[in-house]
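I'd like to ask some things about the structure below.
Note that the chains are named A, B, C and D in the order they appear, and that numbering of residues resets to 1 at the start of each chain.
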Amino acid sequence: MSAQLTGFAYLASSVLFIMALKGLSSPETARQGNRYGIIGMVIAIGTTLADPSVVSFELIIAGLVIGGAAGTIIAKKIEMTALPQLVAAFHSLVGLAAVFVGIGAFYNPEAYGIGTFGAINTGSIIELSLGLAIGAITFSGSIIAFAKLQGLMSGNPITFKFQHMLNAIIAACIVMLVITLVGGQTEGVFWSLAILSFAIGFLIIVPIGGADMPVVVSMLNSYSGWAAAGIGFTLSNPALIITGALVGSSGAILSYIMCKGMNRSIVNVLLGGFGGDTAAAGGASADTGDKNAKAGAAADAAFLMQNASKVIIVPGYGMAVAQAQHALREMCDILKAEGVEVAYAIHPVAGRMPGHMNVLLAEGNVPYDEVFELEEINHEFATADVAYVIGANDTTNPVAKTDPSSPIAGMPILDVEKAGTVLFVKRSLSPGYAGVDNPLFYSDNTLMLYGDAKKMTEEIVQALG
Amino acid sequence: MSAQLTGFAYLASSVLFIMALKGLSSPETARQGNRYGIIGMVIAIGTTLADPSVVSFELIIAGLVIGGAAGTIIAKKIEMTALPQLVAAFHSLVGLAAVFVGIGAFYNPEAYGIGTFGAINTGSIIELSLGLAIGAITFSGSIIAFAKLQGLMSGNPITFKFQHMLNAIIAACIVMLVITLVGGQTEGVFWSLAILSFAIGFLIIVPIGGADMPVVVSMLNSYSGWAAAGIGFTLSNPALIITGALVGSSGAILSYIMCKGMNRSIVNVLLGGFGGDTAAAGGASADTGDKNAKAGAAADAAFLMQNASKVIIVPGYGMAVAQAQHALREMCDILKAEGVEVAYAIHPVAGRMPGHMNVLLAEGNVPYDEVFELEEINHEFATADVAYVIGANDTTNPVAKTDPSSPIAGMPILDVEKAGTVLFVKRSLSPGYAGVDNPLFYSDNTLMLYGDAKKMTEEIVQALG
Amino acid sequence: MNSAAIQEQSATLATNAAKLAEEVEKLAQDASQLIDVQTAAATMDFLSLFTIFVLACFVGFYVVWSVTPALHSPLMAVTNAISSVIIVGGLLAAGPADMDFSKVMGFCAVTLASVNIFGGFIVTQRMLGMFKKKK
Amino acid sequence: MNSAAIQEQSATLATNAAKLAEEVEKLAQDASQLIDVQTAAATMDFLSLFTIFVLACFVGFYVVWSVTPALHSPLMAVTNAISSVIIVGGLLAAGPADMDFSKVMGFCAVTLASVNIFGGFIVTQRMLGMFKKKK
């Protein structure tokens, strides 16, 4: 293939990647978009394989087959509730792949046309070592994020004395090692850089609480995008540059959206020590003080909703944990059959990753045109008879509007309290992810439905039937 | 300045141009955006002046001063109602400038590094002659558009026999001349190309009605953008390529929006013979048939609006012609002082160019947060007591929804008929731009206020005071 | 000068000439290789420009759709102004030292484009200046 | 060969040599000019890449903001998949004929990136397949 043709092929694959993201602007075009993305990837790989320097295909085919099979099996088997940890796990693989590419380039720079072993061009060695470092950080950071999300290690922030100082020292060492590498490219320095980068990725993430992991994953995603763009500069490959910029923007924007949805700054998230097991340890009953929360049974809820003309469903993290989406849709089907208007209200940070609730509801066969974003539906609570809050908590907490000293102050909130009756399905009065007590539990028009989200909803279905 | 620095400067100016358009996403950031645009232009000009081949500055300074002064005076003096013709006039200048650049490049290709006189590189001569042709078409087309909009020539479509065939022949000749020019670069061929291009620009536009001119101007704008991008390829200048793509997209999207707002295709507009002086000749009274339209006086309108709780103003082309925006705002101020809720509803193709009404209302000091787009406000007519339709007609015509054979069938419409009372301020029962009679005039809840939009509104102000 | 010396000298000269010829050949080869590289760079160049063009179209698409409809008139005016960046071409034509026809053309282009640049930006600024929020 | 003829011949040779030297000089000049041009092309190259990068950031900004919030999870999955275009680096490392450490690294990179590519696109397709409209 001529150089020019190669260039056009890479451009085509970049354009297809852009189209893949563009498709996601609506569920109708999204599937076509994903197909564009696949074609783009096939073109990128095919073009590289046609490169004259690529002459031996056994290992490549082996890698594609082994990796492809593993990826396919994982993707087909995975539960939708486990999406956050899946993304983290996949993410660590990209990081590790970047590390391997970095090592490969260090030992065989001729394959990339960036110099010879021990004498790589200055620009390239800088880009290469930065790529290695960011890849390693992405890898170890994502591994910790995965372990915390999967429950393999405690979600609690792990903090110790002089933590920030230790991190600063390691970071300084990394910078020095990169500079040293420019001077003389010894293997020792190179491997030290790799090891320290793995270490700092680990150390940066352990103090961050389990529930903050999605922000961290997204941020690491953004970093790895910029790193890919950097490698694109080394290889003079516009496809890598464009894709890197796309991924970089995506990660940065998603982190921003999550932080804004929680009304926290990214620095606040990264400094850690927030959002540990409080959410996970929801089973323990909280201090109810001397306020009184009315408890109700499934039959009460069924009666209330049957006689309502409009019910708004507010799903949250608890619905995901309980896998209640199918039961929920069944309940809504019965209500709709009885002439009740049903809509779903999704808070931007409901659940544990952006868009998490939407995917789960879609899995439960809820049509996406019944599902609304906060701004679209918030004014409708005033005209709703019942708000059915299932496993959500912080995202409905009016303290965010009333108490400026609260950790969730300023966070946008679903105005469920404006509905005629608020039904809270949760196992106890314990707070949600942010650890802030919810005064709505003790409100006059609130009825608590204690129990697992799925079981309770199934009971309501029976009571309705 | 080194080649690299030059490149970065051009990149900076392109980014500033992008920021200029980005700023227009909200009135708050728009002024800052315009400043970015100005800085970008200064950088682009400064960078070119620093080019080593530019050594004589007298003529350049003279051109900048003369042109700059003329431009400044025009821009400061122009009435906001004359915006459509101003854009057309400016537009013709860009076209002519492109023609001059083309001629300059033909006679002194060394200045552009594209070859020598009579022996310009093949790629460059093609790009150059296309640039010349498009520039010439833009020039003569825009001049006609200007003359029609300014009333210097009749807005009526000028059609004659074999018109399309003549155009086709000329177009074929242009293509052949370009091909000939690649073979041998003689002055005769070059000038024939220029003259035929001027001619076809003229011939394409004359059969198009005056009121369709904004679509045409916007389309020519788009063409000129793509032409600029082409010249950018010749000069290997990314700033021209990027700017060209921006302008090209802008023109194409605006034409698309206008066509969609009128529910017509661009081909339909270009084939012409539609939208002549019907709108301009509104003074003549139309055939009212045996239907009955109730006429009212200013006092009736004042009484109705004073006692309303919500009034929606629907401005149209007639308001622009009558320059009624100041009187209108005065009227609304009085109503607001009396506790009446007032809002403005703008149809996407109200007036004669996109955003025309918004600029006029802004000139009349109407705050922009009282002005709403069709989709934002259309459902509110049902809760409004009065719709005050001032100089609008087609954009309120329910025939678009009811009669599929009407020329405006399928055009989105402001649902003024859902308001308690509809007040129509216009001089007669004659139809608007599309020449379609409006059944709303004869509706029970309609009151016609015959007269000039400005005078009538002033009378209402007096009646209110 | 004896004939032997002369013969020797001419032989040396001949060898030198041969060496020179060799060198010339080598240089010519190098030069042609360089030309090859340069051509490769030039095709890459068209590719870059084309890539830039494609991306700029995407940017244009998004940036224009993000413009609020209320500001479509200023949009028309400001694109008018920035499309006059074609003045760059006029400046290059008007720039050389010698007065000729092409320079006059450059002057005309610069003048017309300036009308547009100043006029376009100022009228946009005027329009935008009128957009005010409720007090 | 008489001395005059030899002298003449040697004179011709000398002139020829001088001419050759001149030519060599000219060629050397041309070559160095070409190198200049080539260097200019190379800087233009970084510039093109940088321009592409800047524009791609704008495109990324707009295209990601235009993603509907309901599809943010598929967005994360699909960016994950496309960021594995880094496989290009792995392929280049695994491509050469000789087996060495670097080739093994390339193989590992290709394998990991493939997990991601297949896994990412398939899980995205699975998610998107679940989004259905009201019947």
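Here, contacts are C-beta pairs under 8 Å (C-beta built on N, C-alpha and C of every residue); 3 or more make two chains touch, one makes a residue touch a chain.
Fair warning: this is a prediction, and the values are worked out from it, not measured in the lab.
The chain pair B-C and the chain pair B-D differ in C-beta contact count, and the higher one is B-C.
Using the average of C-alpha coordinates as each chain's centre, A ends up farthest from subunit C.
Subunit B and subunit C have CA centres that are 32 Å apart. For this pair, subunit B with subunit D, the centres built from the Cα atoms lie 43 Å apart. We define each chain's centre as the mean of its Cα atoms; on that basis subunit C and subunit D are separated by 22 Å.
Listed for subunit B are residues 14, 18, 236, 238, 242, each touching two or more other chains. Counting only residues that touch two or more partner chains, subunit C has 44-46, 48-49, 51-52, 55-56, 58-59, 63, 66. Working note: touching chain pairs come out as A-C, A-D, B-C, B-D, C-D. The touching residues of subunit B, when paired with subunit C in their complex, are 13-14, 17-18, 20-22, 24-28, 30-31, 33-34, 37-38, 40-41, 44-45, 48-49, 51, 53-56, 59-60, 62-64, 66-72, 74-76, 78, 80, 83, 86-87, 90-91, 93-94, 96-98, 100-101, 103-105, 107-108, 111-112, 217-218, 221, 224-225, 228-229, 231-233, 235-251, 253-254, 257, 346, 348, 353-356, 358-359, 362-363, 365, 367-371, 373.
Chain contact summary for the complex, subunit D toward subunit A: residues 45-46, 49, 52-53, 56-57, 59-61, 63-97, 100-103, 105-135. Those residues of subunit C that touch subunit D in the complex are listed here as 1, 3, 6-7, 9-10, 13-14, 16-17, 20-21, 23-24, 27-28, 30-31, 34-35, 37-38, 41-42, 44-45, 48-49, 51-52, 55-56, 58-59, 62-63, 66. Remark: subunit A residues 3-4, 7-8, 11, 14-15, 18, 238, 242 touch subunit C in the complex. Contact residues on subunit C toward subunit A in their complex (touch as defined above): 40, 43-44, 46-48, 50-51, 54-55, 58.
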